[in-house]
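Several structures are given next for inspection.
Here come two complexes built around chain A, the first alongside chain B, the second alongside chain C.
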Partner chain A sequence: MSLVVFFIAAIAAIASAVAVVAQRNPFVSALALLGNLASLAALMLLLEAQFVAAAQIIVYAGAIMVMFLFVIAYVGPKSEIGAGDRKPWQPVLAIVAGILIAVQVVVVVFGASFGEAAAVDATYGGPGAIGAALVTDYLLAFEVVSVVLFLAAVAGVVFGTGARPRRLTADEVLVKEGESAEARRRAASRALIDAARPARTGEAGR
Partner chain B sequence: MSPELPFFLALSAILFTIGLTGVLLRRSPLTILLSLEIMLNSVNLTLVAFSRQVGGSDGQVFALIVMGIAAAEVVVGLGLVVAMTRREMVLDTDELRTLNG
Partner chain C sequence: MVDGVILTVVKSVVLASVLMGFFAFMTWVERKLIGRFQVRYGPNRVGPFGLLQPVADLGKMLQKESMIPEGARPKLYLGAPLIAMACAIGAFGLIPFGNVATIPGTDWTIHLYIADTSVSLLVVAAIGSLGFYGLMIGGWASGSKYALLGGMRAIAQLVSYEVAFTLAVIGVIIQAGSLSFLTIADAQTPLWFIIPQFLGFIVFFIAAVAESNRPPFDLTEADGEVVAGYHTEYGGLRYAMFAAAEFINAITLSALGAVLFLGGPNGPLLPGPLWMLLKIGAFLFVLIWIRATLPRVRFDQLMKLGWKILLPVATLNLLLTAFAVVYF
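Then we have the complex of A and B:
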């Protein structure tokens, strides 16, 4: 029974991952990633990691993906324009390298012997066990993650608001226009002088 | 019969390489970030699978911490995308070559 669930979730995960990579519209890609996250949460439930599966749905599908969708809606669903400057063999090489790496790891993994899985009791993977580990053995990592998240929030605010070009005051606009009028006048007179000169001295003078 | 550890490891290897290929192939920074999420999630699956095999909760704690770091990474990446959009830059990693050697 759980083998059937595994294969259904595995096929759904692979199909949605391929859809994320292959879709041209980033909006559809983000929705496909949502399906990928849900099937991975099902697989984690098979591994009796209930709390991680719930966190996967709440944190990833609930928070991170909503942020993604907001940004995609803000940027607009632009797909890639043109062919870029890649050589035609580069994407082929990337796909071949990816398939080779996957085949290598799959062969190695099925050739290794891992022994029987450990027996676990009913509290395994619940919030109690995870919480106890987080605030005892992994307290430092827990605190470091909170600092990292805080710094990321500050970075998001700086990127989001600090990048706007400053609006010029009325005086500065006048100064800038005066400068550009001056520059235009100079350029026009230089062009006149160049036109009056013979062509070869104009080239040499530059 | 329940699935054995190699099934989970093979699946997460396949997902990881799909994400890796996406990072290599796509030029839109948004899709590259989505492919990075696939890679991080496949590693999470590996951590949880090994944690179940050993019978401890260490791997699951690692997976949760990876989720927190992924959230931070997404905030910074999407912040860059938004900043690029506000400066009317092209959202194409082949065009962003100011630091190209």
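Then we have the complex of A and C:
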């Protein structure tokens, strides 16, 4: 039973991963990535990691991919990538990186010895065990990650909104209004002078 | 899986069928109630008290031509209602209707839930969040600006209210000390969580109304602004599937409210499933009541309510609960 589920999930994971890069339309690519994340969640369930599987769906599928799709749908079909946009060195780099990763995978898979599956008790992978690990053994990493994420959120807001003009004080508003009134007066008088001037030669010769 | 594969499959089929029947019945209840709220009769022509109205509606939907609008992406367009519907029914699958029951006349026992895991609540939230994709894909793949805008609105609204919703629910989780529905329901034996978690309940309820896209938060299908939102281009049974998904989501959220705040299937005298039905019915009645009473909010009001009021209140509730659990 679990073997059947494993093969279905594994094939779905690989197929959707291929679809992510093969699809031309970014919206469809993002949907394929969603399928990939769901298949990975199924694989995690097989590894007794219920909490991580549920969190994977909630965080990645429920929040992050929604944002991806949101942006892609807003940007629209113009963002579809044509073959002409490729730089000549990109395929070369991609192939080199792919070969490196493949070698790494092969080394790891054939270098490791797979014994019997480790025995786990009923609470393994549940929210209690994960929570206890997070706030005891990995407390520092956990807190550091939360600070980093907070910084990222603040930075996102700062960069995303750009340099906003600050709110002016009452005095500055008066000065600005005075300047603009002055500028308007000048523009008006310049327009009057232009209108009073004789027509330019280019126009007169027509 | 508590009972093995075959019994689980049988239970799932039964649950899905009962849920669809309940949905059909509830559309009749909703129309009837809204009729009464508006001092008219509501459906009363088909069958006694208009009870067969859902059957007539289904017959009408079945006769509609199935068509794909120009500019749509056919596969995604056809698949979106399926995603919405499958996720809506799937999310309901973890709701417990009691613990163990003995079949009368025999000594067979049967679990009144399909599965109860240590992460049930998270699984419901996960399946529910996948359901949003039905709306989004439907809106995007229709190739229509109103559908796209409706889908975008749906996502913006759901993402905004998901945060407050989750924070409100975490209060319950901390007090019960578990994510399993059965444990949460049993933790409420002396006192329903609606009393100690009242702030959380208020946030939960408002966010639940918003998440099920029901009035006054039905901006995704505000007819004056985006025609019918993400399902503008859908007709016939596919439209019916979106409508069913939306209502079943409301039923699921009502069931969640019943389990998290009203003690779930526990109650005196009556059996568990009946208590669950009563509690779900109470939630649904209030939802319909609100629909008949309140006008639709504006989008900026919706966002302001979600981020500036519900989120801080839910956070306060969470902090208070954590403080109370640790120090009392």
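By our rule, the second predicted complex is superposed on the first by the 131 of 206 C-alpha atoms of A that agree within 3 Å, B and C clash if a C-alpha of one lies under 4 Å from a C-alpha of the other, contacts with A are read in each partner's own complex, and residues count from 1 in each chain.
Assume a residue touches a chain if its C-beta (ideal position, glycine included) is under 8 Å from a C-beta of that chain, and two chains touch if they have at least 3 such contacts.
The shown structure was predicted, so the numbers you read here are calculated from the model rather than taken from an experiment.
Once the two complexes are laid over each other on the shared chain, residue contacts for A:101 go to chain B alone; chain C is not touched. Contacts of A:63 after superposition: both chain B and chain C are touched. In the superposition on chain A, contact of A:31 is made with chain C only, not with chain B. In the superposition on chain A, A:46 makes contact with chain B only, while chain C stays out of contact range. Annotation for chain A, partner touching more residues between chain B and chain C: B. In the superposed pair of complexes, A:91 makes contact with chain B only, with no contact to chain C.
In the superposition on chain A, A:193 makes contact with neither chain B nor chain C.
Residue contacts after overlaying the shared chain place A:183 against neither chain B nor chain C. In the superposed model, A:148 lies in contact with chain B only, and not with chain C. By the document's definition of touching, neither partner reaches A:135: not chain B, not chain C.
Residues 51, 55, 63, 67, 74 of chain A lie at the contact with chain B in one complex and at the contact with chain C in the other. Chain contact summary for the complex, chain A toward chain B: residues 2-3, 6, 10, 13-14, 17-18, 20-21, 23, 26, 29-30, 33, 36-37, 40, 43-44, 46-49, 51-52, 55-56, 59-60, 63-64, 67-68, 71-72, 74-75, 78-81, 84-86, 91, 94-95, 97-99, 101-102, 105-106, 109-110, 112, 114, 117-120, 124-125, 129-130, 133-134, 137-138, 141-142, 145, 148-149, 151-153, 155-156, 158-160, 163-164.
Of all residues in chain B, those touching chain A in their complex are 1-11, 13-22, 24-28, 30-31, 33-35, 37-38, 41, 44-45, 48-49, 51-55, 57-58, 60-61, 63-65, 67-76, 78-83, 85-87, 90-92, 94-95.
On the chain A side of its complex with chain C, the touching residues are 1, 27-28, 31, 34, 38, 41, 50-51, 54-55, 57-58, 61-63, 66-67, 69-70, 73-74, 123, 126-128.
Within the complex, the chain C residues that touch chain A are 5, 76, 117-119, 122-123, 125-127, 129-130, 132-133, 136-137, 139-140, 148, 151-152, 155-156, 159, 162, 179.
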